[in-house]
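Two complexes come next, and they have one chain in common, subunit A, joined by subunit B in the first and subunit C in the second.
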Partner chain A sequence: MCAEPLALLTGVHFMDGNSAVCEGAIAAGCRFAAGYPITPSTEIMERFASRVPRLGGICIQMEDECASIMACIGAVWGGAKAFTATSGPGFSLMMESIGYAAMTETPLVVVNVQRAGPSTGLPTMPAQADMLQARWGSHGDYRVIALCPNSPQECFDLAIKAFNLAETWRVPVLIMMDEVVAHMSERVVIPTLSEIAVVQRRYTQVRPGEYQPYRPAARGVPEMAPVGKGFFMHVTGLTHDAKGYPAMDPETQDALVRRFTAKIDSNADDIIVYEEEEIADAEVVVVAYGITSRAAAAAVEEARALGIPAGLLRLVTAWPFPEKKVRELSGRVKALIMVELNLGQMFLEMDRCAKGGAQSIFLGHAGGSIHRPEAILMAIQKAAQL
Partner chain B sequence: MNSHPSDSYLRTDRLPHLWCPGCGIGATMNSFVEAVKLSGISRKSLAVVSGIGCSGRVAGYLKADSFHTTHGRAIPFATGLALANPGLRVAVYSGEGDLVAIGGNHLLHAARRNVNIMVVCINNFTYGMTGGQLAPTTPIGSITATTPYGSTEMPCNLVNLAASAGAVFVARWTVFHVRQLACTMAEALVRRGFSFIEVLSPCPTLHLQRNNLGHGETEMRYFKEYSRVANNTSPVEAGLDRRDRKIIVGTFVKRERAVFFDSPDSVTLVRKKKVKA
Partner chain C sequence: MIPPHTLPARIIISGLGGQGVILAGCILGRAAALYERTAATLTRSFGPAARGSACSAQLILDDTLVHYPYVDKPQVLLALSQQAFEQYAPLLVPGGVLIIDEHLVKPPAALSGISLYAVPATRYAEVLGNRQVANSIVVGFFVAVTGLFARASVERALRESVPPGTMGLNLKAFSCGYSHAIKMYGEHHTFSGRFEGKARAVQGNKQFKNA
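Right, the complex of A and B next:
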């Protein structure tokens, strides 16, 4: 018996995705969460509320999603690693503050367990229809990183990665789950402490009088300073100069926003993760992410058994999008098939990157159920005959 | 340029400020600086959080760790900041439109939870930054940019709102009462729990001019002549109505109750669970 529960539940578990993403956050050193109940993500906050008080952490239920994400941003500036979890309607309410986190370069993690929309939609059923909202939802130009786990194990692994990416690049990192990944239970292996790489908050070595909170440092990312230590930093959602002071001119605006985009765009190769199956000699490549990638993998396997040269490109990172990879594939395969639970969102990005090389084909529906492998197989067979 | 005793508490490299001549926000900021000195709290431990609007610019002029957040969300930001870093003294400084209209829900719940933050709410009866629109405190009949035929809405009694939601320290002053305001702010700075200070301030450019109420100085004379100090007045009785020619000022609520996440009860609950585990 262990009276003091451990932060890291090293061992083999049978766990759902919502529990696993919560355990991943804890493993990454997150000890603060603020959230608002919403199906199908609620269990994440519930588990965190039960786990972290005994680890010296805080989990609070706020009055709405606007408050939840802003309390997390406040906690990050207070020195904590923080995250919130929500679903479609709550994600919509959080958009303003995702922009604030982008503008203030707050290392923040947001989990969105996608359900079918728009509006209240199908609260208990899956979709992948918030993918463009994740990328473009807040006003203005900015960048986020979005990750798409396809299993409870990956919910755990990518939660740690999300916090590491947030600390490294100082952007909002979105974990774009779906209802099925959230609620399916599978084997989840939680490694030992020494096997988990955690990026801790790095604070500036510059002395308070000389410190400038938004002076670009290595790879375009400014250094943070600890609050309460005499740095007297100013943080604002207004366009600001290196001192963090409001600067209302087009030159500062352009330089600032170009830096937000450049720090992700020019480091995209280091950020993007994808998996390839049977790609080398493939003529038809299925592109998928999240739960859909599992049906796609089954379909590709069946196609191979039928002698069709099919392959799978699985997006782990949806944003930034693996533009180079898709362009390269487009130059050598017959067709790219995007399979997703929406009416064509990441398809638009794939089609843009394919630039008329391979045929780009869309296979999707508006959510509520996941794809059957047979439907994907039929699309592969049809594409192979092009 | 000659220096001012408050200079070391201000970002002097950002002056002059953007407030109009006759606006009272700068005067309240001076009282706040006096309050910080009076309170004896360490400069380093002070964090100021503002929302959006004229009063939301205060954070940008104070030499402290300062956060200029989004419209209405200063209180939830401050909640996270104070909980994550209990060594900080977190003050929210914003206007009535920000804190009570778009941020009203957060005000209610932070007061109810008794979050350990101090809130200074500058009430100038209008939305100044956007051009003088209807605010939750705009007096009935007032001409604003969005009520060109006069407002028909009942204005909100802010001190009653904060008190009934559970704030443990509630006060009101006007910008005429700079010394009393400084003392009250100092008291709030050293108290624990959710404190709320309303400060009436003139908006000469928009609210006063549009309603033929004169200019900044006229309003200061109005504050001087018609304010009545009445500590411990029930906040319900402290509504503002220009037709009454009466502004009740002072400290209305002083009480103690468990502070959010200080509560011995919540600690006990966790301990009990630990034993079970």
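Right, the complex of A and C next:
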């Protein structure tokens, strides 16, 4: 499947982030979604439900989030590209199955439009406080990829990228939006079919009798098999061997889980995306992602206008975290300031990677609004005087 | 194009949920982003606020990227309820433009440092047969008063944004608001031929005047 011309709304639009992420999913060839719509992500499922039946796709409202994500996992194994969209409480309910998707190496995309928590919290207001849950929320060791768009255009672009990454690495890919990006409208350009690179599912070339569903292929990623072509498959959340059968021994467990982590860790350089603004001569670098990065960009511009050598490192992929980049910066700048809508989450990762080089400073609050550029500017000014 | 020195333009549209405040913001944002080719960022009330109580849309237009998406100090305020006026009018920059529905907002007699433009939008909408098109009247009025947009850009965006069955009525409403501005405040407030490069500029006092 790929973006059919009819499906693709090629052209220029004025669109919010929720609509754009949905259009990105459609452009990536996604034709299945199951969800339990929840504020502030509701418009994603709403739009998908109105768009895909005419494209031969399926959108199901399930009884809850646990069922929603499992239906998506089932659809992926049935040959579809699938995604679900949720927010805080629903994201928590999906945690078990994100682990299942990691264990079964299911190429799945989950959108989490972050709102302030814990629990019901502030359903209509922004936060970025699910960032460590995204990384560590399910039990056991595994890896995910998490992307943080900061504009409706990027919601579209990163939705396509998310599906491509999911197919390439066979891990759950999480699009970690926030309420502001979700409901903010801006110009969104949807390119033509030939301008959009879509990664199709990589199916095995071996014959059914010889196929082993979990035998690692290129870069540690096993190949999938097409449904209905005579391949026998066993998909289980139990520790399994290359054949997919349960194998209850520590050696298989260790090899399997190490492969999950290695396929992301050893390819991290190819996966990680970040943007740098005014970094070359910076003494103070603000690190931010999602909507916060836009307030940070405004603050960095103001700091530069005041003659303060400030720069911005914007995380597009939060996970895997750009360790090398932060280490390198930490070795040459005075201070790193993590700005985020939580009480210190990605800050912990930044601080760990800074390893006592640059001062690592945290600027955050518990969500409900976004940082004003002036608050970030003040932190920059203070750090510049260190 | 809006001349660079006029930008960013920061606009708040406010009223009560159901008055079409957010749709008005969407129409203007769409006109700017698609047909005026400026950067346009629209944020809006979300949740219960958008469904009956105080409601607002914030629009920023710029010739470069808009970073911070919210408006702290608007140059233009459209207030369609007394509450909206009281909440946002104090935020207007000196010399800011205040546009009100004159039957719904009663500003104090002496408003210093603000340019006031009034339109009986809801009354006109009732005369047109549907008070729900009051927002299109306000949009037309806004376009004529500010001169920020080419009329054709906004009419096009409006056609693409309202329910098809109401398009004629909404365009009539737009026209009504536009004409009212010209009648009351004169031709010099109108904008003509943005695409011919005759764009209006925001002067030092932040009022929209001829470039």
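Operating definition for what follows: the second predicted complex is superposed on the first by the 381 of 386 C-alpha atoms of A that agree within 3 Å, B and C clash if a C-alpha of one lies under 4 Å from a C-alpha of the other, contacts with A are read in each partner's own complex, and residues count from 1 in each chain.
The criterion applied here is as follows: a contact is a pair of C-beta atoms (placed from the backbone, for glycine too) under 8 Å apart; a residue touches a chain by one contact, two chains touch by 3 or more.
It should be emphasised that the depicted structure is a prediction, and the values quoted were computed from it without experimental measurement.
Trainee: Is this a clash or a fit when subunit B and subunit C both end up on subunit A?
Mentor: Aligned on subunit A, subunit B and subunit C fit with no clash.
Trainee: Does the superposition put A:Ile60 against subunit B (first), subunit C (second), both, or neither?
Mentor: A:Ile60: touches subunit B, not subunit C.
Trainee: Under the stated touch criterion, which partner chain does A:Glu96 make contact with: subunit B (first), subunit C (second), both, or neither?
Mentor: A:Glu96: touches subunit B, not subunit C.
Trainee: Quick check on the superposed pair: does A:Phe32 touch subunit B, subunit C, both, or neither? Answer first, second, both or neither.
Mentor: first
Trainee: Using the superposition on chain A described above, determine whether A:Ala280 touches subunit B (first), subunit C (second), both, or neither.
Mentor: Touch status of A:Ala280: no partner.
Trainee: Look at A:Ala80 in the shared chain and tell me whether it touches subunit B only, subunit C only, both, or neither; answer first, second, both or neither.
Mentor: It touches subunit B, and subunit C stays clear.
Trainee: Check the residue A:Ala71 against both partner chains and state whether it touches subunit B (first), subunit C (second), both, or neither.
Mentor: A:Ala71 sits against subunit B, while subunit C stays out of touch.
Trainee: Counting residues of subunit A in contact, which comes out ahead: subunit B or subunit C?
Mentor: B
Trainee: Check whether A:Phe232 is in contact with subunit B, with subunit C, with both or with neither, and answer first, second, both or neither.
Mentor: A:Phe232: touches subunit B, not subunit C.
Trainee: Minimum C-alpha distance between subunit B and subunit C after superposition, to be given in whole Å.
Mentor: 11
Trainee: For a test of understanding, state which residues of subunit C touch subunit A in their complex under the given definition.
Mentor: On the subunit C side, the touching residues are 26, 29-30, 33-34, 39-44, 46-48, 65-70, 72, 157.
Trainee: What does subunit B use to touch subunit A in their complex?
Mentor: Residues 11, 13-14, 43-45, 47, 49, 59-60, 63-70, 72-73, 75-85, 87-88, 105-106, 108-109, 261, 270, 273-275, 277.
Trainee: If we count contacts the way the header does, which residues on subunit A are in touch with subunit C in the complex?
Mentor: My answer: residues 12-14, 39-40, 123-124, 179-180, 183-187, 291, 294-295, 297-298, 301, 370, 372-373.
Trainee: With touch defined as at the start, can you tell me which subunit A residues reach subunit B in the complex?
Mentor: 1-5, 32, 34, 53-54, 58, 60, 62-64, 66-68, 70-80, 82, 96-97, 100, 227-238, 245-246
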